[in-house]
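There are structures below to look over.
Next come two complexes, and both contain subunit A; in the first it sits with subunit B, in the second with subunit C.
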Partner chain A sequence: MIPTSADDQLVVLEEELEPSSTPTVSGALEPVGRQRRRTSRIGPTIVLVACALFFVLPMVATARFALQNVPMVNLGWSTVFDRWTLRPILDVLGEDQFRTTVVLSLKLACLTVLFTQLLLLPTTLWVHLRLPKVRPLIEFLTVLPYVIPPIALVAGILVIKPSVPWFLNSDYSLIPFYAVLALPFTYRALDAGIGALDVKTLVDASRSLGAGWGTTLARVMIPNLRSAIVASSFLTATVVLGEYTIASVLLKETFPTFMAQYGEGHGQGGMALALLALLATTALLALLTILTRRRGVAAQSATVF
Partner chain B sequence: MTAALIAEGAGDTVAPAARRSWAWLGLLPFFGFIGLFLVVPAISVFTKSLVDADGNFGFDALTNAFTGDNRDAFAFSIKLSALSALIGVVIGGLLAYAAATARRPKFLRSLVTAFSGVAANLGGIPLAFMFVALLGRQGLGTKLLDGLGYDLYGSGFQLDTIWGFATVYSYFNIPLMVLITLPAIDGLQTSWREACANLGGTSLTYWRRVGLPVLAPSLLGGYLLLFANSFSAFATASAMTQQSAIVPLRIQFYFRGDISSGQEQLGFSLAAWMIIIMIVCMGIYWMLRKRAERWQA
Partner chain C sequence: MSALDYSAVSKTFASTIALEHFDLGVRDGELISLLGPSGCGKTTALRIAAGFEHPDGGAVRVDGADITRTPAHKRNMGMVFQSYSLFPNLNVESNVAFGLRVRKVGGSERSRRIAEALERVQLSAFAKRYPHQLSGGKQQRVALARALVVEPAVLLLDEPLSALDAKVRTTLREEIRRLQQDVGITTLFVTHDQDEALAISDRVGVMSHGRLEQLGTPREVYSNPASAFVARFVGQINELAGTSNGNGIAVGDRNLPIAPPVGAASGDAVIVLIRPEDIELVELDDPSSPDALPGTVVGEDFAGSSSTVWVRLDRLDTLISADVAPSSAHQPGQRVGVVLDATRARVETSAAAPAG
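Presenting the complex of A and B:
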């Protein structure tokens, strides 16, 4: 387990992996009398229940709205759970544009993952091995995308567009920019994963057994870093699959821009797409949690902070 | 890139001084990437807002960004972000505290953190649609409230007003706040509360004199982070409104389609101001963050 996050602003997704961090505060209530404790739980319970409602109701409403078969005017208490249909989802699945945009978004996601790993894995390893002094600088650079929001970044992209039209006219020009947007997440995941290993010893051992750098990378580093790589790849994929700002301003037809456009004409269809996106994102992140848990290494950040 | 790195590592036997200068080369691909795809676009925004179409240098565009509709957009964006951040800090802080101190369902804390990890990243178009489904004019929640005799829209609520935006933004702000304050809340030591009680302090004294002052940098930092988060939100807002009431939407307004509005310099100025505001917020955030970490060792 990595000695987390006092100094690197990681938020660990799976707190149960660090049981030591939990009891401190619950212990704080211990010395107080029993009666007192019971009354003091009412407030937190209200907060928890209210928040649960706030977060669950929009999802329930989306599911119901997308799958309902009641004329919208008649929607009300008497018809809340009345008739259901899969029609909106089937309609959307039958759209040509749905297929093309989903395919493009999936391609972009895979290529961005590949691009990110090829660039960041060697860089991060290199920094840990040879240039530990520049770590703060790299860390600073990787949070820059937070300071330059996508809408400002895309304004800058429009400035350089006339100089490199051949590049920006291609749908695949989105890849490096998506890699930039995902950088805060990906770098932190890799950095934490590498920090948890004794990289120097592993490399020395591998080298003294006669392995070259390529073998060391492929057969020692990558297997050891599997969960960090998986985590950063999934986070990259979620960023790419949900990115709307840059794609819409550059007039690229990705899944999110299709969703926005389709939802304008088809209320229910838009909800159906939102439902699919929601399920896909949740599935991706849940899968990530399961995959990284099995490896027994603390799961990586879901946010940079 | 990999090849360059490997080839270079082969020069292991070089003298230490020479090796150090070579080691920098391994970072070239990364620096090139950041430079080309992040720094160059960001700087172009500033040069475009400082130099007009005829090539004259001046601050006119930057000051013009605060006139007319754009000034209204800035005012609205700032008000909206301030309100959203306040809601996020208060509710997120309370939720984090409730989750950290709850002991009954053992899985509660991990459920809250895992869900927060998902929800904090949930922005964008689907989020907007989810709230249209719940609280839109034809939304399920609106209809059900109506059935209970409460006319939501009659009371002045609308998704594209300040309260509507703030409600939707809370969906990603609250979880983000939970994630960043949990470590701070864990840092509150049992012994401090006991010491306070031993000295005759009540629960109120404890919070006023110990708890909140220790948490203050985290809460303030969280406020700035959520402010920045709300200020830069674009996708969610664009699916919720047809107007360009907030700054990110104003920027897009100037660049709709291809550049040809003739006023694109104003768009770049807005983007430049946006980056400046983000730099200020995030800069103070990082400073406060360092301070907050003092109690989290």
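Presenting the complex of A and C:
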């Protein structure tokens, strides 16, 4: 037995026995480390710049076509700074349909995110906790919407259309189809997040402390899966904001269908709209990166004390 | 304080029997360790008490009340797990507060109980730290505080020390015992480490194939094992092949005055089980030890306060270990006589004694 008088020393003792996992680098090794770091940065920098160019150049080309009043054949180096205008964007923004379709697409994105999370979060958790053996099957099923083109899904929808006109007449009937299309991304994001946690032990610990399933989900699972939930939500939203085929076949006026329709009559305006959509999606993904990274940074900085 | 009782509890997973008519009574304020090899059913027994598994048959009672069908979150059990189970999103204080919040204990009462619980595990200074900022030992102490703060009926410990390094394990197991005795809480402790079980338990239950082989004080289990399995599993044991000859056991060319097992006929093959501390090494051909088995020293494990000498017996070609005083020096190749304490030996018929 430990004598009570030694209790105060226990904490110190254990500190000594289990040193902090924060790595320490010996001063003598620093110059070698720095040199290696400098040389090892060149390769990643080249890849990063190449990726940035691959991403930015088409956007610049789109921007020049959409926002420069210069005939396309004259769009060269000599005309880079000539006759830029925001007119095509302002024209698009002035369209009534633009506002209504954007609002509808945003509503659909939010509702699809909600629907997907309500459906997938408990399901994925349940699979991890109680049905680990069916995980490969679920993974296979969730990848199907990625393998099978949306037009095949549309063919199925057309078959059931006469039976459920009341359902398909509503704009919100798109939600379940969008949820299916987003499955490959949303399931994987959630599955990876849950896989990174010792879900079984955390759930057991919560329940042994008196929490029911609802409390366990709300107070333990959701806070610890925040990054995975945010990631899967944003991926769902980007799928919804870019989906054209199903909305078009079901004659819904969403932002992507408006974009296609508007582009037919307004060459420059259509491109301006595409540019706006591209920038909005980029902003959304940047926000996702920041939101998911902030938690990691906070956790990392907290280890230094 | 509460008593925990299992009566005829059975549990089968697919075709594997995890528990078979398992009976166990843990008295008020007692610490019982369930000890056994992997797959013996000890963790299943614990998880059934916690409500994470449901038995196929039998009943679990706390203070006489049947809780077999009570959901886990309504059982008022405190549990510490093998893997670190602190909620990563909550700091130490909030982790300890979790059970109290669920029970709607608020205000100053909650603060007082959290402070007391952290004081008990000497982690008051770490209240604002997050789990990833704590060592494994500290995380398990927080888990212990979190389990005890809700004043559970029974404390269930599922190999809480197995992820820790050797020195922290020893320190923490003593701390667990001190806390358990201070609080006076009924505790069921599952482990595969016999040192842990023997060191901190009021009683030890040794399990094999879903059954309780023996339940007794650590001294009883070690000194008077109820079966060959218990003898083999708890502590070190030497096994010598012999033959029953009616009034003793023939081992090599010696006839040892050890009672044959009940029902063994003359000429039956038997196994003599004897602990290293019940063996004495003497000079070869010592006239005062005519039953000594001749052998050759092959090595010695010196452990500071004790020493174990390995001897290969001549006629049996069997390697045995004998505990000797660390001051007595034995060189490899030295010829010695091996004297077994006949009163401490245990004999099994060969059929009853599984290999290994």
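Details
Here is the rule we go by: the second predicted complex is superposed on the first by the 230 of 305 C-alpha atoms of A that agree within 3 Å, B and C clash if a C-alpha of one lies under 4 Å from a C-alpha of the other, contacts with A are read in each partner's own complex, and residues count from 1 in each chain.
What we mean here is this: contacts are C-beta pairs under 8 Å (C-beta built on N, C-alpha and C of every residue); 3 or more make two chains touch, one makes a residue touch a chain.
Nothing here was measured: the structure is a model prediction, and the numbers come from that model.
By the document's definition of touching, of the two partners only subunit B reaches A:V147; subunit C does not. Using the contact criterion defined above for the overlaid structures, shared-chain residue A:A109 touches neither subunit B nor subunit C, since it reaches no partner.
In the superposition on chain A, A:N224 makes contact with subunit C only, while subunit B stays out of contact range. In the superposition on chain A, A:T238 contacts subunit B only, with no contact to subunit C. Within the superposed three-chain arrangement, the count of touched residues of subunit A is higher for B, of the candidates subunit B and subunit C.
In the superposition on chain A, A:I194 makes contact with neither subunit B nor subunit C.
When the two structures are aligned on the shared chain, A:L278 is found in touch with subunit B, with no touch to subunit C. Of the two partner chains placed by the overlay, only subunit B lies in contact with A:V134; subunit C stays clear of it. Legend: residue contacts after superposition of the two complexes on their common chain; A:V159 is shown touching subunit B, with no touch to subunit C.
According to the touch criterion, the shared surface of subunit A, contacted by subunit B in one complex and subunit C in the other, consists of residues 7, 11, 13-15, 212, 302-303, 305. Against subunit A, the residues of subunit B that register as touching in their complex are 1-2, 5-6, 9-10, 23-24, 26-27, 29-30, 33-34, 36-45, 47-48, 91, 94-95, 97-103, 107-110, 113-126, 129-134, 138-141, 143-144, 146-147, 170-171, 174, 176, 179-180, 182-183, 185-190, 193-194, 197, 225, 228, 231-232, 234-235, 238-239, 248, 251-252, 255, 257, 259, 264, 267-268, 271-272, 274-275, 278-279, 282, 289, 293, 296-297.
Partner subunit B is touched in their complex by these residues of subunit A: 5-7, 9, 11-16, 21-22, 24-31, 41, 43-45, 47-48, 51, 54-55, 57-59, 61-62, 64-66, 72, 75-77, 80, 118-120, 122-123, 126-127, 130-131, 134, 138, 141, 143-160, 176-177, 179-180, 212-214, 217, 238-239, 242-245, 248-249, 251, 256, 259-260, 263, 267, 270-271, 273-274, 277-278, 281-282, 285, 289, 302-303, 305. Of all residues in subunit A, only 1-2, 7-8, 10-11, 13-15, 17-18, 20, 197-198, 201-202, 204-212, 215, 219-220, 223-224, 226, 299, 302-303, 305 touch subunit C in the complex they form.
Within the complex, the subunit C residues that touch subunit A are 50-52, 71-79, 81, 83-89, 98-99, 102-103, 122-123, 125, 129-130, 132-133, 135-138, 143, 146-147, 150, 156, 165, 167-168, 171, 174-175, 177-178.
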